[in-house]
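Quick one: this structure, given as structure tokens, is what I'll be asking you about.
A, B, C, D, E and F are the chain letters, set down in written order, and residue numbers restart from 1 in every chain.
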Amino acid sequence: MQSTLMQGGMDLMLYGMGTVFVFLTLLVFATAATSSLVQRFFPVDEPPRIPSREVPAKTPVPPDILKAIQTAIDRHRHRH
Amino acid sequence: MNNFLGLWFDSGLAQITLGQLLMMAVGLVLLYLAIRRGFEPLLLVPIGFGTLLVNMPGAGFEAAPVFDSLGHLESPGGLLYYIYHAGIETGLFPLLIFMGVGAMTDFGPLLANPRTLFLGAAAQFGIFATVLGAAGLGASGILDFDIRDAAAIGIIGGADGPTAIFVTSKLSPDLLGAIAVAAYSYMALVPIIQPPIMRALTTPAERQIKMEQLRPVYKLEKVVFPLILLTLVALLLPSAAPLLGMFCFGNLMRECGVVERLSDTTQNALINSVTIFLGLGVGSKMSAEKFLNAETLGILTLGMIAFCIGTAAGVLMAKLLNRFSRHPINPLIGSAGVSAVPMAARVSNKLGLEANPHNFLLMHAMGPNVAGVIGSAVAAGVMISLVGG
Amino acid sequence: MNNFLGLWFDSGLAQITLGQLLMMAVGLVLLYLAIRRGFEPLLLVPIGFGTLLVNMPGAGFEAAPVFDSLGHLESPGGLLYYIYHAGIETGLFPLLIFMGVGAMTDFGPLLANPRTLFLGAAAQFGIFATVLGAAGLGASGILDFDIRDAAAIGIIGGADGPTAIFVTSKLSPDLLGAIAVAAYSYMALVPIIQPPIMRALTTPAERQIKMEQLRPVYKLEKVVFPLILLTLVALLLPSAAPLLGMFCFGNLMRECGVVERLSDTTQNALINSVTIFLGLGVGSKMSAEKFLNAETLGILTLGMIAFCIGTAAGVLMAKLLNRFSRHPINPLIGSAGVSAVPMAARVSNKLGLEANPHNFLLMHAMGPNVAGVIGSAVAAGVMISLVGG
Amino acid sequence: MNNFLGLWFDSGLAQITLGQLLMMAVGLVLLYLAIRRGFEPLLLVPIGFGTLLVNMPGAGFEAAPVFDSLGHLESPGGLLYYIYHAGIETGLFPLLIFMGVGAMTDFGPLLANPRTLFLGAAAQFGIFATVLGAAGLGASGILDFDIRDAAAIGIIGGADGPTAIFVTSKLSPDLLGAIAVAAYSYMALVPIIQPPIMRALTTPAERQIKMEQLRPVYKLEKVVFPLILLTLVALLLPSAAPLLGMFCFGNLMRECGVVERLSDTTQNALINSVTIFLGLGVGSKMSAEKFLNAETLGILTLGMIAFCIGTAAGVLMAKLLNRFSRHPINPLIGSAGVSAVPMAARVSNKLGLEANPHNFLLMHAMGPNVAGVIGSAVAAGVMISLVGG
Amino acid sequence: MQSTLMQGGMDLMLYGMGTVFVFLTLLVFATAATSSLVQRFFPVDEPPRIPSREVPAKTPVPPDILKAIQTAIDRHRHRH
Amino acid sequence: MQSTLMQGGMDLMLYGMGTVFVFLTLLVFATAATSSLVQRFFPVDEPPRIPSREVPAKTPVPPDILKAIQTAIDRHRHRH
């Protein structure tokens, strides 16, 4: 019984780490392949985004509010 | 007079047990850690408060509803009963949290440097080494762990709260309280646990390695990534599909750019509501008989070891990759592979700046950081598939 | 032709009863009061509309689902059936509302002047005097009330909607419609009900009493308060724990300062959603056979009396406290002890300004105002404990 | 070794069927249409992703929970199982969506020109002509449709997603996937489907008709309108009451002006959350055996025909009205009667501008547009009443 | 059987279109009647709103935020 | 039977008002004790907040939005 438990733990570790590495390795290849496909065939799709240096804020200001702010600023400038 | 005696016997003072008193102290400690020390407060405040609620004698937060023989409700259940059984036992709450986390995750840094996925893979070694440790403690008769308990304990090393809760609620629900507390506490302790290990395993020269600027990432790459990930899951590891499926769904909503409304709600009202209930529901498993025992001590110790091993494995894998690659990798970002997003990446950044004030590693470390989330979910899938049957 | 006859016999006109017509008129009156007169619209708009829906003949909003012998759904239930049984019968919705109310409540004024808790205690006399009144009507055979009904009716005097709904759904669900309508209507009528009583029981000199500026309150006091309140509940009155536990949880989220995300959702999306469903669910109990009877008239009358007695008791207690204290208390703030937050505090303020244009009582009255919420929840706990068995 | 074989046999590759592969392709096509072509992405992204999830072999998203003989949960159900049975089978999600749509709908243009309700009525002819077509295909044995299927298929012509889902989940749940996909796809295709029909049925002179400026509408008219609509439903067609009742409730919350909090949550967090779950739940019906068959082709064809007939009927009714009225109606706004809010109204506006660059029809077309929503819900009520028994 | 199905479809169409037209016709009359009542008896209730030319944005900026913007603008102007 | 009902009501009133007063009295003492503890032992913890004269707005403008407004104002000022 006891040795079965240790054996189970060993199995989990072997199959587990094996699966994690196989899976993530495949993901590396799939991702790299997709990226080169995108860069080759859809390059001018739109300007690529440079990842910003900061961790992005989790709750960004919604665009409609930004627009409202912009509008308010614009209106304000006109009144001057 | 009977009424008065009734009120007294109903009162908490007359009923309280030592175990409940101790557990209320545990709840207060969790609240203290969350509020004053900043330990993952979004989860530990609800868990700590849930611990207080469920250990109030006679309050009935965990009471099951009672139905008469015709199926009519005679007495409703307690709030935590409903939360636990509707949202945690079914797995719904962790899955919705994962959808929200997906909607909050930017895979840009990972796509710019996919090799960092290997770091996320290596750091999962902490999980499986801990499984072995827990199995050893069980096999030697020191603690009462079976293989399902061992698997659930190991997942603490994934440094990913919802994954740990999802796996534990399936494999070993009685350990849910201890495992969730360990997972979130150690995630908060990452800035204390990781740096000594990272320093011990790296030379100053390695810590000063400057990495190449990340290449820009196309929007289309980001849109396609969750679909690729989902396809791999579908083909190779369906038992990881619930977690990773919802994660990919949230991420696709984020990146596709046409459902901002949905993505926004997923990242705010929805994940916040579910977080409150998830925390309270976990708290409902914090009863004295389930928490105040030697197994909890074992879980806390093993969880700590899991974090350390995962950290070390990530750093060592980064050093290994460096041997075979012409693009330099600073091994400090390896530790971010345990996930604990974004804390572990910030730790990498901090140690990088210590070594070289111009060496910004934050974005580089975000790659292994999110890779660690995927890695833990894959590990969770293996465990559910192998021992969850 | 059969089809056509079917359509006709299905139609509302062919089925409607006088009772349904009258109840639809009641629903329209509630909507009128809410929309044009501003009577607690957040609750009375959904309750009024729910009244319309549940009294539409043949619409099936209250229909129970039908399952075949194998447990498969043959015909789904109506929307209000699900809302009532999932959220009100179980007590979940009132508890979530209480969490939200806790997250919206600032205990600062109460902490600056804890003696105002006595005013909140005294005002609960309205509850229990009304219990006695309802028991008297029942004992004398005038109306068909038992002790559980009497307790539920009394709670109207607590001037606290979710507390009233929680207690009534446990003790006397058939009276839910009438009691909820009475509670919210009278809360809206506070500016009309209270002033004459307040003027009658105070002298102009008393109304001009100027209270000392409230002392500043430390953040730590605010963080600790919900935990102290919870501890007292745990020790003394576990039957009040569901209501006050969730209230304290919401308040801790508000004050601890580290879970703004959760507090914000609790105060907005979550409480708003639950309010809609709570109102509709209460409306589902507004059927002719449950509402159009002498008992409803009795409930409305008793509820009004409860408000008046509670107001008077609060004012008189303030005068009593004044005898024994060197810090003056303006008795006008006693009436705020019935809760009806923040309406009752505004009434105190208004009458204070009438007596002396420089006498701002609003913040002073917020103390008894929130004390009244706690007091009613304690009273609710006693009732559930004593007659809810 | 057994474990390894277990992992392999658990894997998707070993289990996947051709049907599942094809359905995953269907899911990807839906995502492509939603993301790149802008086909109703709020629904088609969740539906498409739900299609992927439910067709992953071995992932168990649709698995039912397993209970032991004592009623304890042995193995929880899949996420989509819970979503479908809790929200779609019961009708709750479509009804909540309708509440949100009501809170988003401005009846001002309709109230300024109530005659446009006739256009909304005429456009429902698409629904019933298609019922006849489906019944014909069933009667002739070409496809396997009974009268309930025919009714559900017809409702595609209502161009209203939640109505279609509500009716189909009641009358013909197996067709839910195909019907929802058809309804949302064709709603997105309105700018392609409608213009040729509109041009064919109108002369250039008719398309240039300039309509009178809409009169201003009082707030009170807007507040009263949902109550009038509800009264008519109560009297004439209770089977349409669930849909139209929730629609009116949402609209009343919007217009009454005293519950902005509730209206705001209804229009945002609540409808967004429910939309995600509704889409995923519909996706759970997108299995190969239910979607990959001749009936789906029939449904797609019939749905397209329904849209065309509805468009034509609306335009022709506008021309008819023009004969009897001294206020001119531009027949281009007739096509907006199919609903597909606000796409169809925009199409009317675009064709109007083509004919005369100073002819703005958008607000005029919003009248029939929202009338079409009411019309479809009435049609849904008739169907549920006549064949849903 | 088959003809029953066609008959059912015909019935649905007749009763369906009939009900739709009867219902919406009644709604036209009820609405028109209400509107004229409102215009006659509650005309100065408040200034009527002219329907705007644009389809309204589905998620308008909440009033408290608009107020905050206005406040910010005002404060800004004072500082000049 | 009838007198039992009245007796129940009396009991409820006595035990109820009793419990309410005992409970709130204890809460007064516990609160006062805590407050003096806090003021004695954690006095400089942070500047105490003076309760404002107004009932606080229930849905304050989120800080990130305030920041966005501030940013917009700042940017606007620079452009002048």
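The rule is short, and it goes like this: a residue touches a chain if its C-beta (ideal position, glycine included) is under 8 Å from a C-beta of that chain, and two chains touch if they have at least 3 such contacts.
The structure presented is a predicted model; accordingly, all values stated were derived computationally and were not measured.
Trainee: Figure out the least number of contact steps between subunit B and subunit C, where 1 means they touch directly.
Mentor: 1
Trainee: In terms of CA centroid distance, which chain is the most far removed from subunit F?
Mentor: Following the centroid criterion, the farthest chain would be D.
Trainee: Centre to centre, using CA atoms, which chain is the farthest one from subunit C?
Mentor: Following the centroid criterion, the farthest chain would be A.
Trainee: Just curious, how far off is subunit E from subunit A if you go by their C-alpha centres, in Å?
Mentor: The mean C-alpha positions of subunit A and subunit E differ by 41 Å.
Trainee: Provide the C-alpha centroid distance between subunit A and subunit D, rounded to the nearest whole angstrom.
Mentor: Centre-to-centre distance between subunit A and subunit D: 33 Å.
Trainee: I'd like to verify one number: the distance from the centre of subunit C to the centre of subunit F, where each centre is the average of its C-alpha atoms, in whole angstrom.
Mentor: 18
Trainee: Counting only residues that touch at least 2 other chains, which ones in subunit D make the list?
Mentor: 3, 7, 236-237, 261, 264, 268-269, 382, 386
Trainee: For subunit F, which residues are shared contacts with two or more other chains?
Mentor: 11, 15, 19, 59, 62, 65, 69, 73, 76 - these are the residues of subunit F that touch more than one other chain.
Trainee: Note which residues of subunit C are touching subunit B in the complex, please.
Mentor: Residue list for subunit C touching subunit B: 85, 89-92, 95, 170, 223, 227, 230, 233-239, 241-242, 245-246, 248-249, 252-253, 256-259, 261-262, 264-266, 268-270, 382, 385-386.
Trainee: In the complex, go through subunit D and note every residue touching subunit B.
Mentor: My answer: residues 3, 6-7, 10-13, 15-16, 24, 28, 31, 34-35, 38, 41-42, 45-46, 49, 52-53, 56-61, 65, 73, 76-79, 82, 268-269, 272-273, 275-276, 280.
Trainee: Taking the touch rule as given, give the residues of subunit F at its contact with subunit C in the complex, in rising order.
Mentor: 2-3, 5-6, 8-13, 15-17, 19-28, 30-32, 34-35, 38-39, 42-43, 45-46, 48-56, 58-59, 62
Trainee: What does subunit D use to touch subunit E in their complex?
Mentor: Subunit D residues touching subunit E: 104, 106, 108-112, 114-115, 117-118, 120-121, 124-125, 127-129, 131-132, 134-136, 138-141, 146-147, 150-151, 154, 214, 216-221, 224-225, 228-229, 231-232, 236-237, 260, 264, 267-268, 342, 345-346, 360, 362-363, 366, 371, 374-375, 378-379, 381-383, 386-387.
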